[in-house]
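Mind looking over this structure? Questions follow.
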Amino acid sequence: MKNHVYKLIELTGTSTTSIEEAVAIALQRAHRTIKNLCWFQVVETRGDITKGKVNHWQVTIKVGFTVES
Amino acid sequence: MKNHVYKLIELTGTSTTSIEEAVAIALQRAHRTIKNLCWFQVVETRGDITKGKVNHWQVTIKVGFTVES
Amino acid sequence: MKNHVYKLIELTGTSTTSIEEAVAIALQRAHRTIKNLCWFQVVETRGDITKGKVNHWQVTIKVGFTVES
Amino acid sequence: MKNHVYKLIELTGTSTTSIEEAVAIALQRAHRTIKNLCWFQVVETRGDITKGKVNHWQVTIKVGFTVES
Amino acid sequence: MKNHVYKLIELTGTSTTSIEEAVAIALQRAHRTIKNLCWFQVVETRGDITKGKVNHWQVTIKVGFTVES
Amino acid sequence: MKNHVYKLIELTGTSTTSIEEAVAIALQRAHRTIKNLCWFQVVETRGDITKGKVNHWQVTIKVGFTVES
Amino acid sequence: MKNHVYKLIELTGTSTTSIEEAVAIALQRAHRTIKNLCWFQVVETRGDITKGKVNHWQVTIKVGFTVES
Amino acid sequence: MKNHVYKLIELTGTSTTSIEEAVAIALQRAHRTIKNLCWFQVVETRGDITKGKVNHWQVTIKVGFTVES
Amino acid sequence: MKNHVYKLIELTGTSTTSIEEAVAIALQRAHRTIKNLCWFQVVETRGDITKGKVNHWQVTIKVGFTVES
Amino acid sequence: MKNHVYKLIELTGTSTTSIEEAVAIALQRAHRTIKNLCWFQVVETRGDITKGKVNHWQVTIKVGFTVES
Amino acid sequence: MKNHVYKLIELTGTSTTSIEEAVAIALQRAHRTIKNLCWFQVVETRGDITKGKVNHWQVTIKVGFTVES
Amino acid sequence: MKNHVYKLIELTGTSTTSIEEAVAIALQRAHRTIKNLCWFQVVETRGDITKGKVNHWQVTIKVGFTVES
């Protein structure tokens, strides 16, 4: 049974719509350069406000991916 | 005025769609055996990734329910 | 370059539908009396349950706004 | 079903006697200006000491109350 | 020397009087079905408020007990 | 793609030898009644001491397992 | 011996120079409307960056003051 | 205005009766060797159980005292 | 309105003088390879000691920057 | 005395045997591309389970290394 | 039933071999001057690295011991 | 390679001027009785206020020093 090593990076995705979309956008961007993304974990959920409404959801996630041996 | 006792259990619900659905699925399953669920609290929000997209949202909640006296 | 001061208040918004709506409802109410809301941060996500379903999402946020000098 | 908004404030009550009295004193004072207090949560329990005895219990609580719509 | 296994459960006891009584009530209820309770740890102290007074102290504890081998 | 529900329980395993053995002993005991254990997470590592030596390692873990639907 | 009640508010002061000045600016502003500020506690230290240099130090503090009885 | 230095030590007081008494007992003992105790902060509240009742409340506090210059 | 993605990295800057300089030195170094640094957050403040004096302040920060799309 | 800058990365090493080996495997892999690793800190210890036994220990660490100036 | 007082001290033990040995070394040293050590709790696990290998495991523990009355 | 043991103590230094000076004052005092201080870590930054200005910065640090073997 082989032992694996994973690296975790931290990203903030933003979306005008939802927490889920902010995460999707961060993953989509990371996937362009890192093909083997495995899992994520939500670290912080924030947002900026314009005229009393959420302008952007800003969701920070840790993303884990396998490091090739 | 009667004093109550509540028990808290920890569940992880998963959903391919949203955080809200993952919670709903966990509660729905718990409700099959525990009728008097009262409240929940989100403990952790994670997910696994397939091809750069969220495969399952994995939302861990604590659920409180009344213990019959 | 001017130095600003911000105040942070803590609110719990509730919604029968989603986390996002609970935040929107809290901000909408705060905006009625405070015009210069700038940002928020989700502090806690809870809910109450009726018959095994989420009755209200209860999302507590910290909201920051500029204090007029 | 109506959606509510709550505000949370942070208070420190003090008592020479007990943790419970320190909380009661903070709530009693808050109730003079805010009629619809709903719940509280103990955030920190400290105290100052005189001659090796607790002089004042200092209990910090978050108190939630409904914001009128 | 034998190795033991303990299980921890989370309970919320309530009392109109004190934190200590809320814990006692939770333990008393747990003892009805679990005879070998060993220790507890206070996790959270909250309460609900009626007319500016504490209505119920709500104390959440983790309780450990030996699992029979 | 099916949505799953997991339950998490908290156990303390003890061992006179090592952290790893304390976890193994807790899992071994849990496996006697719960067949589908999936993952664990170390929550706390403590121990009691006799004559300046570790008597028992006491390792508290959260263990997740699938709830049959 | 009289029992006191304190209120805590959360402020973010900013400064182009130092953490200490950011706190001073927040307190100075609060003092304009609240005369009996007693103590503060640093909650978070952040900043924004322009061309690789700190533009503003943003220091969030909790400030406690006596509530007149 | 003189600058002071304080030392903080951590103690666990126990009482069969209440959290307040457990703290008082810890302070009383510390006062026997350290005369200038200034403040304390509750760090953890635990207890051991005998026959479903709290046997000892075990309250861990940090105590600060002035270091003579 | 475009949705952005940010990456966060963690750096420790050191300075013999002050916390502020330690942060400045970390940012200055990061700016050599990453032009679009946006914000930072202090994570930990430590130091090493020589003959009872601070030798180096060691300040760990998270730094966020925009990921080009 | 020169001021240094360090970068911290987060890795998860896995091992079928022990926590120590999981850390060693993560460091060994990192060392292949980063020669000046200085220190690490254990962030989380988890594992997956097969038939009631630990399959892989999964230990997440933060690793610090000097950034060449 | 007598009420006890315990003191807690914080130690870092180091070992080139394992977490368990680092704890044992710290306890062994403390036992030379304090005979009634009762329990410990792991607070932090770190290490320094030489050529991509763990040089010393550095394990910080809190140790509790009875204060003679 | 020898294994070391370190002890950590907690001190609060105060200064009317800066966070850095408050730490320096605490270390300077500790150095009078403990010669081999090695490192420190900032635990909390607070202060008391007089007429809207910081009166004393109160910085709590953990300080580590080698225990002679």
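As written, the chain order gives the labels A, B, C, D, E, F, G, H, I, J, K and L, with residue 1 at the start of each chain.
Following the convention adopted for this analysis, contacts are C-beta pairs under 8 Å (C-beta built on N, C-alpha and C of every residue); 3 or more make two chains touch, one makes a residue touch a chain.
All of these numbers come straight from a predicted model, not from anything done at the bench.
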{"item": "Joint neighbours of chain J and chain D, given as chain labels", "value": "none"}
{"item": "Counterpart interface for D-E, drawn from G-I, K-L or H-L and sharing over half of its contact pairs", "value": "G-I"}
{"item": "Chain centre separation in whole Å, for chain D relative to chain B (CA means)", "value": "30"}
{"item": "Computed distance of Cα centres, chain J from chain G, in Å", "value": "38"}
{"item": "Per-residue multi-chain contacts in chain A, two or more chains", "value": "9-10, 18-19, 30"}
{"item": "Interchain contacts, given as pairs of chains that touch", "value": "A-B, A-C, A-I, A-J, B-C, B-E, B-F, C-D, C-G, D-E, D-G, D-H, E-F, E-H, F-J, F-K, G-I, G-L, H-K, H-L, I-J, I-L, J-K, K-L"}
{"item": "Residues of chain A defined as touching chain I within the complex", "value": "9-16, 21-22, 25-26, 29-30, 55-56, 60"}
{"item": "For the chain D and chain E complex, residues of the former touching the latter", "value": "18-20, 23-24, 27-28, 30-32, 35, 37-42, 63"}
{"item": "Chain I to chain L touching residues, read off their complex", "value": "17-19, 44-49, 51-54, 57"}
{"item": "Contact set on chain D toward chain C in their complex", "value": "1, 3-10, 62, 64, 67, 69"}
